[in-house]
Structure formats: structure tokens, C-alpha cells
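Shared between the two complexes below is chain A, which pairs with chain B and chain C, respectively.
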Partner chain A sequence: MLTTLLLRVSPRRAGAVVERNVLVHRRGWVVLASGFFEPLLYLLSLGIGLGALVGRVPFAGESVAYPVFLAPAMLAVQAMNAALTETTFNVFGKLKYMRLYDAVLATPVTPLELALGEIGWCLARSGLYSGAFLGLMALLGLTPSGWAILAWPAAVLIGFAFAALGMALTTFLRSWQDFDYVMIIMMVMFMFAGTFTPLGAYPAWARPLVELTPLYHGVTITRGLSLGHLDLAMLGHAAYLVGCCILGLWVAARRLGRLLQP
Partner chain B sequence: MTAAIAAPGRGALHVFAYHLIGYRRTWWGTAFSSFLLPLIYLAGIGLGVGGYVDRGHQLGVDYLSFLAPGVLAATGLSIAIDESMYRVYSQFAWDRTYEGMLNTPLRIVDIVLGQLAFVVFRALVAVTVFLLVMAAFGTVHSGWAVGVLPTAMLLALACAAPTFAFTATQHTDSSFAVLTRFVVIPVQLFSGVFFPIAQLPAGVRVLAWLSPLWHGVEVCRSLTLGTPRWWPVLGHLGYLALWAAVGLVLAHRAFRRRLVV
Partner chain C sequence: MRMIGCVSPPSAGSLHILGLDAATHGPAIRSRLGVVPQQDSLDVELSLAENLTVYARYFGIPRQVARDRAAELLKFVQLADRADSKVEPLSGGMKRRLTIARALVNEPDLVLLDEPTTGLDPQARHLVWERLYRLKQRGVTLVLTTHYMDEAEQLCDRLVVMDAGRIVAEGSPSQLIARYSSREVVELRFGLDDLAGPAGAELVKALEPLADRIEALPDRLLLYTDDGDAATAAVAARSIEPTSVLVRRSTLEDVFLHLTGRTLVD
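This part shows the complex of A and B:
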């Protein structure tokens, strides 16, 4: 059903939604630029400050310096945060308060095109941040393998998965109070999705829960690429993320249509 | 009515009560997150990276006991600043509550002090819950730990008062996101919350000394570990009191400018 819907998507109409966002943000470039700044600080503070306390951690049968271990995870976290804040806070504001989408759907744009347009904008933005972050990692010598370049598209895939899930989630939120739950979901994934420690460091009962989070699959891919440990399981992790994209898009388009169409 | 004007502090008490009445409707959400966030933090670090740090034996204490008082102080700071941005701004610009208050016998000083008291109260609630969670994780090593409550209140005041002054000068809400990203987050990352500031390069270390959070972290940590040395503690608290006093003067002046002149 989603494929037939996808075939009817007009890139021009979805592009118009992206274009609107570009126009709006031409004035807010300080806020846009600050998106580069924040992950850099996290990397310096946690990677290098905390890294000195941690020393080396075991990964795939060898031991790696902590900043090298943590940096690709921060890349994935950054993609998640950028995607989720854009598609929850900003989309909710447009949906409930600015009533922007009522206006958009009064044009030929369909709910799915609207969702794709918003996600497209979000990916353009987070893709820029991810590219800059990855460049920085390389400059600081935190990318031992040349495969690391592929962590960029991987970060975009992670962003896509969370943007789609975020859009879907937003359609269920009732008020700003509910954003406490969004913050908690983000926080739980940040702390427990294998970002700071390898999966093996968790107690056995917790591991399946960790493996449920999309962020875990994202981190596994970016870390594997950055450290040059490629295996076939990565395709499985990527497939999980693609599944999240499809599920999120499908739910978001259905719910947006139902919420907004008279 | 004349009594309300004459008695100093009475007006501020009324303003504080006003904010508490509003909070009665929304307290559950904030209590929930102020309980859950430290739980997630401590469990996440305790289950995960803490084990790696402890193998290195560089800190002299287990990492969880090192980190928890730092995150507690950082929570006090972030609540103080969060509550001093949009909530205060909306009462100038959107709801215009302050204008309404000025049409009663309340004075500017009452409005500022009453609102600040509410911010400090919010920080106190969150920090108290945090301390209980810390105790459950076995990271409270001394009875001195009770002292983190007034310390966090002073830290909250030291951070909220200057933020009030800043907010009162703003005419759009766009600078608050910038303040969060360029001031609040860097301060939290480089004030000795996650690792001792001795690991920072000398230039950055000077910035950490200036940050009120570092002083708050040092006091809270020495109290929960049960190793307070009194002269340094007094010095840190004095520095925080200085921020609070200067902040109060600035906030009062900025509120007057915004509301009266």
C-alpha cells in the first residue's frame, strides 16, 4: 500500500515543503550554525576528558582508545538528536500551533509528500552536521579506517529512520507536557544504546532491550565503519533502520491525513 | 493594604504563592522527569562506562560517587536557567503577568524576588529527589550530604538572577536557544562534572574556575563524599553568593527598565 502511495509522490510538491523551510531558516543561521558546535563540545569533553579516565575498551577482539570508540557513536547520536528535535518539537509547533499543515494540505500537497518534505529538510540539515562532524573526527585522528567515509551515508540513514519515527510519534502527542516523554526516550537511548560501552558490558537480561533500540543498530554501523570492522551483520542492522523508515513514514502519513483532512 | 506595602518581603511572598498555585497543576510532569532523569543517568553510567573508569583507579573513589554530585549540581543549574528563560519571558511578552502585578501594590523588587524564590524552590525539589536516588545507589558517603540542598539553592540563585537580567532585556525568544547551546551546555561539559578539571588545558581551566557550576560541583562533591575542607568550601560559596548578589542587582535594574521606564 505504501509503495503505491510512494509512486504517486511528486518530488516537486515534496520539494516545495523543503523550500519553505529553507526560506524560513535564511534568517536563523546562528541557530543552524550552533548545530555544528554542540557535538564538537561533547566529543572534546566526553571523548577526551572522560577518555583519559577510561583508557582503552575492548572491541571486536582488540582494545581501542576510548575517544576512537566513542566518536562514531556520537556521530550516530547527533544524527538521532537532530532528526528527533526537528520532527518532534518543530513539527509539533507547525501542526498544532502555527497550523501550517492545514494551509499546506489546502494545496495539492498530500500528507505523504508533506511528511517526505519535512523529513527531506531534516536530512539535509542533519546531513550537513554529520559531514562536518565526520570531517572533524578525521582531523582529530579518530577514524582509523578509510571505510569511515561510509559512516556519512550511514548517519543520513540513521537520521531518516529517526525523522520518520519522530514524525509518527508527533502525531500522537497532545501538548508540550508530553515532550517530557520524548526527552526521556532520547535520554534512555543516549545512555543505554551501546553508545558509551560495548554491548557485552551490559548484563545478559538487558542486552535484548538494548538491541531493540534503533540507535543501537545505528551505532553498530557507524562504529564498525569507523574502526574498519565490516561484516555481513551490518546489512541486518541497516535493514532494521530501513524498516524503521518505512514504519515511521507509513504511520506518519496515515495519521497526518486523518488529523488534518476534514 | 498599606500593611502589604510596608512590610518588606510580604509582597514577594504573595508572588511566590502565585507561582506555586500555578505549579500545583503541572508539578507531576516535572517531578516525574526530575526523578527519572537522575535514575537513567546513574543507572546508565553505573552499568556501563563507570566500570571502565574504576579499573583505572585514577579518581580515588568509584566513578558513580564522583559523577553523581556533579550531575546533581548541573541539574540545579539547568533547572535554574530553564525556568529563567521562557517562563520569565512569557510573563513580559505573551501573558503580561508582570504588568498585571504592577497594577497591584506589588513592587518590582517583590516580582523579582517572588519569581526567583519559585525558581530556587523548583531546583530544591529536583535536587532533593536526586539526593534520594543517589542514596539508593549508595553514592552518599556522609551525613554532610544534606548540605548539598542549600548549596544547590545558592547555585540556582547565582545562575537564575543574572539570567533574569538577560531575559528582561530580550524582545524576541530566539536568543534562548543560543544561550542554551553556547553557554549552558559548554558550562555543563567543562565544569568538572564528568572529569576533574585538572585534565583540561590551562586556558580552558581558567574558564572553568570562572563558571559558578564548577564551584557548586566542588562543594557538592566534597559534601557527599564526606571530605569537606572548610576554607575552600567557604571560598566557593562566597563566589556563588557574589554571583547571586550582582545578579540580583542587575535583574532588579533590568526589570525596572522593562516594566516602568
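This part shows the complex of A and C:
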């Protein structure tokens, strides 16, 4: 059903939604840049500061320096944070307070085009962060493998998955109070999705839970690429993220239609 | 209104707008409509001109054309000097005018207006009416809902009166007045407390032969008649002495109240 809907999408109309956001943020690029620094601070404080105490961690049969282990995870976290803040906080504001989408859907733009446009904008933005962050990782010598360059598109895929899920989640939020839940979800994933420690370090009962989080799959991909450990399982992780994209998009378009076109 | 705007699906029956089926041609129909919703829903993060150009882009209108139209429309609604200001500091009337300009950005064949002047001061209302009248002159079809009968009288060639979701009357303003009211109305006030009570009933009985129809309200009696002055003279001839007499032309408001009743609908 989603594919038939996707075939009817007009890229020009979805593009117009992106254009609107570009116009708004053309003046506020300082705010844009802020999303770049947060994971960088984590990388410096935890990776390099705490990393000096941690030493080396086991990864795929060898041991790697902690900052090298942590950096690709921060890349994935950054993609997640950028995608979720944009599609939850900002989209909620436009949906419920600015009532922007009511006006948009009175034009030929459809709910799916609207969702794709917002996600597209979000990806353009988080893609910029990811590129800059990856460049910085390379500069600091934290990318041992040349495959690391592929961590950029991987980060964009992670962003897409979280943007679609975030968009879907936003349609269920009732008030700003509900954002506490969003914060908790982000925090838990940030802490426990295999970001700071390898999966093997978790107790056996917790591992399936970790494997359920989209961030875990994202981190596994960026880390594998950054460290040059490629295997077929990565395709599985990528498929999981693609699944998140489809599910999120489908729910978001349906719910937006139902909320705004009752 | 939402169904005609192809925003909500038809709840029952079939709906054709501009010759297209609303259920299957939503985007195609919406591309030819202009919508002025009850709440302005303007983009507060953009300037006035950007509000129009961005909106034009949702219709797939090329950038240069969008810019030209925005400038032209801002002039049309007398906001050209505010083109680069933000939406927030605008007055209610200005926001309404901007919303009307936004609805015209795709040069629509049909403009839907949901209570276009509710909450505006008289100056702003008259400016909006004047601009809407000009649009009508240009051949744009306007469909508007309103609670203001003077607005309907000013703007509508044809109107329907709705009561509890049903059409109770249909026609041009003058036709409706001719059909459901008299040419003139005489409003009589007396020093009595409650004219709708027994004291009023006696007066109504005495005045009955003088008018087509008499309505007793708590504060006044309304005599519906074709000749108000003659009725007033007849009242005086019967040595009934009201504290005040007002003769006026019958309006759509009389028609509306007659058709839908005076009880509050909440």
C-alpha cells in the first residue's frame, strides 16, 4: 500500500516543504551548528578523557583504543539526536501550535509528501553534521579503515530511520509534557544501545533488549565501517533500519492524514 | 467547508467540485482552490512576502512567478509596505488580508472563505469586503460562510440559510427578504417589563390588524409590514403610546431569525 502511495508522491511538492525550512533556517545557521557540538563534547570528554582510564576494549577478536571504539558510536548518536529533535520537537510545534500543516494540506501537498519533505529537510541537516563529524574523526586519527567514508551514508540511513520513527511518534504526542517520554527514550538508547560498551559486556538477558533498539543496529554499522570489519550481518542491520524507515513513514503519513483531515 | 476543500473525505453521498470527484482527485481539485480558513494559520517564522512565495511553491509555481505574484497580491491587500516584516506583530485585520492574499496565490477558480471578517474592526471589515467584491467582479467564484447577515447581504448573489446542518432557505438576499419577511419593520418599545408575557399579549391583540405579522420580544414588539409609516400612524390613531418607535427596512437578519428561531444555539 505504501509503495502505491509513494509512486504518487510529487517530488516537487515534497521539495517545497524542504524549501520552506531552508528559508527559515537561512538566518539561524548558528542554531543549526549547535547540533554538531554535543556529540563532539561527549567524544572529547568520555572518549579521550575517560578513555585514558579505560585503555583498550576488545572488538572482533582484537583490542582497540577506547576513543576509536567510541567515535563511530557518537556519529550514530549524532544522527539519531538530530533526527529525533527535528521530527519530534520542531514538527510537534508546527503541527499543534503553529497549525502550519493545516494550511499546507489545503494545497495539493498530501500528508505523505509533507512527511517526506520534513524528513528530507531533517536528513539534509543531519547529513551535514555527520559529514563534519566524520571529517573530524579522520583528522583526530579515529578512523583506522578507509571504509569509514561509508559511515557517512550509513549515518544518513540512521537519520532517516529515526526521522521517520520520530515523525510517527510525534503524531501520538498530546502536549509538551509527553516530551519527557521522548527524552527518556533518547537517553536510554544513548546509554545502553551498545554505544559505550560492546554488546558482550551486557548480561545475557539484556542483550535481546539492546538488539531491539534501532540505535544498536546503527552503531554496529558505523563501528564496523570505521574499524574496517565488514561482514554480511551488516546487511541485516541495514535492513532493520530500512524497516524502521518504512514503518515510520507509513504510520506518520496515516496519522497525519487522520489528525489533519478528519 | 472542509469537504469542499478536499481536506476531509465526504461523510456520505458523492461530491464533485469543479467537475472532479472529491474522493479521487483531491490534489487536482485543491490546486484550483483558494482557502481562507477561520483561523489564519500563517507561517510565523516567515515574512509576509515569504508566506506567499512559500505557499505558492506548495502549488508547484515557479520561484520567479511566485515572487511576482506575491508582490502584486501584497499590493492588492494593501500590505506592500510590510512585505519584509514578520507575521506576529500584524493586527487581526492585516493577518486576515494576508490570508486572503495567500488564498489567491495560485489564481484559484474557486475561493472558500470561512467567516472571513469575524473578529475584525469595522474599518478592516469594510476593506476586506471591498477587496472580496473586486475579486467577484473579476469573475472569481466565492463561497463563504458567515454569521453576519450584513456580510451576506454585501457579498452574496445567492445564499442558503443553514439550521442544524440542514438548508432551510435558498435564494438571493432580496428574494429571501421578499419571501420570508415584509418590506419594513416597525419596532415599538413600551415601558413594560416583559412584553412577551400577558401584558404584551393584550397589546399584540390590539395591534394585530395593523401588520402582516407581529413578534413579541421581552423588550419590544416587531410589526412586519410593507408600509412602516402607515402602521406607525395607525398605532397612534388607536391611542396606543409606545415610548419609542423605530421604522426600518427589513434585513436578512430578520429572515435568518425568523427561519432559525431566536433560541441560542450553543
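Everything below uses one rule, namely that the second predicted complex is superposed on the first by the 261 of 262 C-alpha atoms of A that agree within 3 Å, B and C clash if a C-alpha of one lies under 4 Å from a C-alpha of the other, contacts with A are read in each partner's own complex, and residues count from 1 in each chain.
Throughout what follows, a residue touches a chain if its C-beta (ideal position, glycine included) is under 8 Å from a C-beta of that chain, and two chains touch if they have at least 3 such contacts.
A quick note: this is a predicted structure, and the numbers were derived from the prediction, not measured.
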Partner with the higher number of touched chain A residues, chain C or chain B: B
First, second, both or neither for A:Pro108, with chain B first and chain C second: second
Partner chain in contact with A:Ser63 - chain B first, chain C second, else both or neither: neither
Sites on chain A touched by chain B in the complex: 28, 30-31, 34, 37-38, 41-42, 44-46, 49-50, 52-55, 57, 66, 177, 180, 183-184, 187-188, 191-192, 196-197, 201-203, 206
Partner chain A, residues of chain B touching it in the complex: 26, 29-30, 32-33, 36-37, 40-41, 43-45, 47-49, 51-53, 55-56, 58-59, 63, 174, 177-178, 181-182, 185-186, 189-190, 194-195, 199-200
For the chain A and chain C complex, residues of the former touching the latter: 10, 12-13, 16-17, 19-20, 23-24, 98-100, 102-110, 260-262
Partner chain A, residues of chain C touching it in the complex: 2, 5, 7-9, 26-28, 30-31, 33, 35, 37, 39, 41-46, 50, 54-55, 57-60, 102, 106
